[in-house]
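To keep things simple, chains are lettered A, B and C as they appear, and every chain counts its residues starting from 1.
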Amino acid sequence: MDALLQFIFSGVTVGAVYALVALGFTIIYNASDVVNFAQGEFVMLGGMITVFAHQAGLPLPLAALLAILATAAIGVALNKLAIEPARGAPVVSLIIITIGASILIRGAAQLIFDKQLHRFPAFSGDDPIRVMGATILPQSLWVIGGALVVFFGLWLFFTRTLTGKAVLATANNRVAAQLVGINTSWVMTLSFGLSAAIGALAGVLVTPITLVAYDVGVGLALKGFAAAMLGGMGNPKGALVGGLALGLLEAMTAGYLSSQYKDAVAFIVILAVLFVMPQGIFGKKSTERV
Amino acid sequence: MEARRKWIQLAVLAALIAVLPFFFPSGYYYRVGALIFVNGLSVIGLVILIGYAGQISLGHAGFAGIGAYACALGPQHLGLHPGLALILGAVISGLLALLIGRPILRLKGYYLAVATLGFGILVSMLLTNERALTGGPDGISVEDLGLRALLRDLGWRISGGEFWYGASGIALLVGAWLALNLFDSPTGRAMRSLHGSEVAASTVGIDVARQKLRAFVISAVYASVAGSLLALQNGFITPDVAGFMHSIEMVTMAVLGGVGSVLGATLGAAILTLLPQVLTVFAEYEQLVLGAVMILVMIFLPQGLLPSIARRLRGRGE
Amino acid sequence: MSLLDVNGLGITFGGLKAVNDVSFSVQPGEIVSVIGPNGAGKTTLFNMISGVYQPGRGTVALDGRDVTGIAPNRLAEMGLSRTFQNLQVFQEMTVLENVLAGYHLQERGPVLADLLSLPSMRRRAARAREGARGLLARVRLDKAEGQEAGSLSYGALKRLEIARALALRPKILLLDEPAAGCNAVETEEIDALIAELAAAGIAILLVEHDMKMVMRISNHIVVLDHGEKIAEGDPATVSRDPGVIAAYLGAEETEAADADG
């Protein structure tokens, strides 16, 4: 029982990170139909920039803020320099472009920073909190809380604000959105900035637990992508549920079956889900128009 | 007319393979050439899948891994000749593609991408984690093909580099020939029509699922054979051959050169294989350059290098 | 026994009954037209008959065999072929290859023969090529056979789709607005081609907004409005039907004017 609870704690913590990455995927996908494989690099940048800014003498909160803002700017640049010029390109080209961007960012990070593993102190210390025989790190609570705040923040943004509704309208029908006067180019910029900022926030929150290095992005991008697909691409609720489900699944597999194959089981489940529900769990079914 | 174009392309390729060695400054370049040809072979498989049939795969390195490890493990555990092991690997890859292709190919776009990606990762995890069988992440040695010794007995002494340059070059030519045959055949047309409109394809009697599956199986066999050749010529193999980055490299080579074009794909393979060689001095910049190349080509030459260049030349001629 | 029997066919998209309880039949060699205002459900009806959409209700029978919801490629094997209102051309293939794709059922063979370019494959392909050239000549596209289909004009693409559909040697041909976007001369040609095909025994199911053409060549007309069949009969009967006149005048004044002009 204690073991189970322990696995749940660790599963929810990783799951929250996956959910944040998946939310980042979702925002960009909604605004532009692009799956941004560089999403994992945003997480890496969030962690790395914070580390180096902190080392340079900035207080941690300020360093984190700087990291989030800088990453958001990189996200916007990615959109302006690589995505917008390729508007209307086939899916394969877009996949190559964003994977190219992820390799480029990784290469740059390796040059500008280094190849070492880094961390900075946890926000509220490292003393585990005991809950019913299991323990959880205070930083895990930060991660989980962060994911929830971002999710509800996005929910409010999309349902309560005019800008958020403009993003949704663009996702729904780009041309119609333009016709009613929405600046879809601004919506894209906003989406990339927001999505990069969320990724960076995830990096800031999780670095004290998992550490960060220039190459942590690939794995996170794959898992976040998988989580988003599991939940149904383009659906924020799906991203949250998909991320948490994936995290729990991995933790349970690592705990009860084999830690070597924890990543494998995630992909097996995804394959199984896609075989049964080709649109993901929350994806809508529709008849393609001819 | 189509037939003539096929033979011209094959002749260009054959001439390049035959003539290049005269410009090699050292024996080392035979190795590089062989690597280009092997990569070219697997990328031609992707031309059939992506360029002809319009289906994406981010997991084809998985099949390369199967081919490679068949050549490593077949001789060791089953006492097979490495050549037979190559065939066994191709058969296993083909059957596996047949098995998983049916459900996977119902998916479209990004969903297909993630499913194939998942498959590739599963294969590479198996190869990494089953240490007892595969030697784990450190890799495993591969028995020699024995063909070079045979040639030596017949009185023809060539270096390992030269042998594999020739052997991979021939394999590439055969692969290109088959793919070009397919292009201008009923099956090839059926595959290519999917790219244009799946609905229209099915209303003219084309079994869409079946053609996708065929393209998937054929491209899997290409990747597997290429993986086997890679293992045999290196004499050593690690699970990286099946890794995600290798899958991405394959797709990038195909798209870079021109995903609908066999010669283009070979050119893409050549460029991406040479890139790290050229950049050895600036090894730290390799990723930076690779990423930038991928983005720039997709933006400025969306059809890929060769078709874009051909189009420009034709435009000037008229 | 009719060649095509449509019985109580219907489909719903998110609460909208795009087609509801439509029945009619087509005899061999007959030209049957489906008319109705924009959004009446004509294309949707075609999509269900040709297996592109799964019907929600009702049945389709071809040659007396129930074929409801059968995949389009199986229907193609049984002699049903079609064109599309929103062009579905294989853009990156040549004009000739587009028509060759229509010969798929006749030219296909073992995949190994195709990979090795065996003489058997080349014979199959040569026969198909000969037939395809004949069809291209028939729709006056023989000069363009080597061009990429994507480079053709709209009217030419419409004719290319007809040639491709004819390559299947269908018993029944479904044409969804073949003359839309064509000039007067092209319309005339398509008109003549349809009559010729029907005379050769091919049944034609036609959707067309050009009322003059419809009235002139149809043996039988089915009128849809809001997904329902509101009238059916020979051209004279249908054009006098008050319900039909109301549907057209009420909802589609401009369109009726277009058809006259």
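In this section, a contact is a pair of C-beta atoms (placed from the backbone, for glycine too) under 8 Å apart; a residue touches a chain by one contact, two chains touch by 3 or more.
The chain list, named the UniProt way, goes like this: A, B = Branched-chain amino acid ABC transporter permease; C = ABC transporter ATP-binding protein.
Predicted model, so just to flag it, every value in this text is computed and none were measured.
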item	value
Path length in steps (a step moves to a chain that is touched) from chain A to chain C	1
Chain separated most widely from chain C, comparing mean CA positions	A
Gap in Å, rounded to a whole number, between the CA centres of chain C and chain A	47
Mean-CA-position distance for chain B and chain A (Å)	32
Distance from the mean Cα position of chain C to that of chain B, given in whole angstrom	41
Set of chain A residues in contact with two or more other chains	290
Multi-partner residues of chain C (at least 2 other chains)	52, 84, 88
Where chain B touches two or more other chains at once, by residue number	199
Contacting residues of chain A [partner chain C, same complex]	287, 290
Contacting residues of chain B [partner chain A, same complex]	50, 56, 58, 103-104, 106-111, 113-115, 117-119, 121-122, 125-126, 129, 199, 244-245, 248, 251-252, 255, 259, 284-295, 298-299, 302
Footprint of chain B on chain C - complex, ascending	50-52, 71-73, 75-77, 81-82, 84, 88-93, 97, 100-105, 107-109, 111, 114-117, 121, 124-125, 128, 146, 164-165, 167-168
Contact footprint of chain B on chain A as seen in their complex	35, 81-82, 85-86, 89, 91-97, 99-108, 110-111, 218, 222, 225-226, 229, 233, 260-261, 263-264, 267-268, 270-271, 274-275, 278-280, 288, 290
Of all residues in chain B, those that touch chain C in their complex	1, 178, 181-182, 184-190, 192-193, 195-197, 199-208, 214, 218, 260
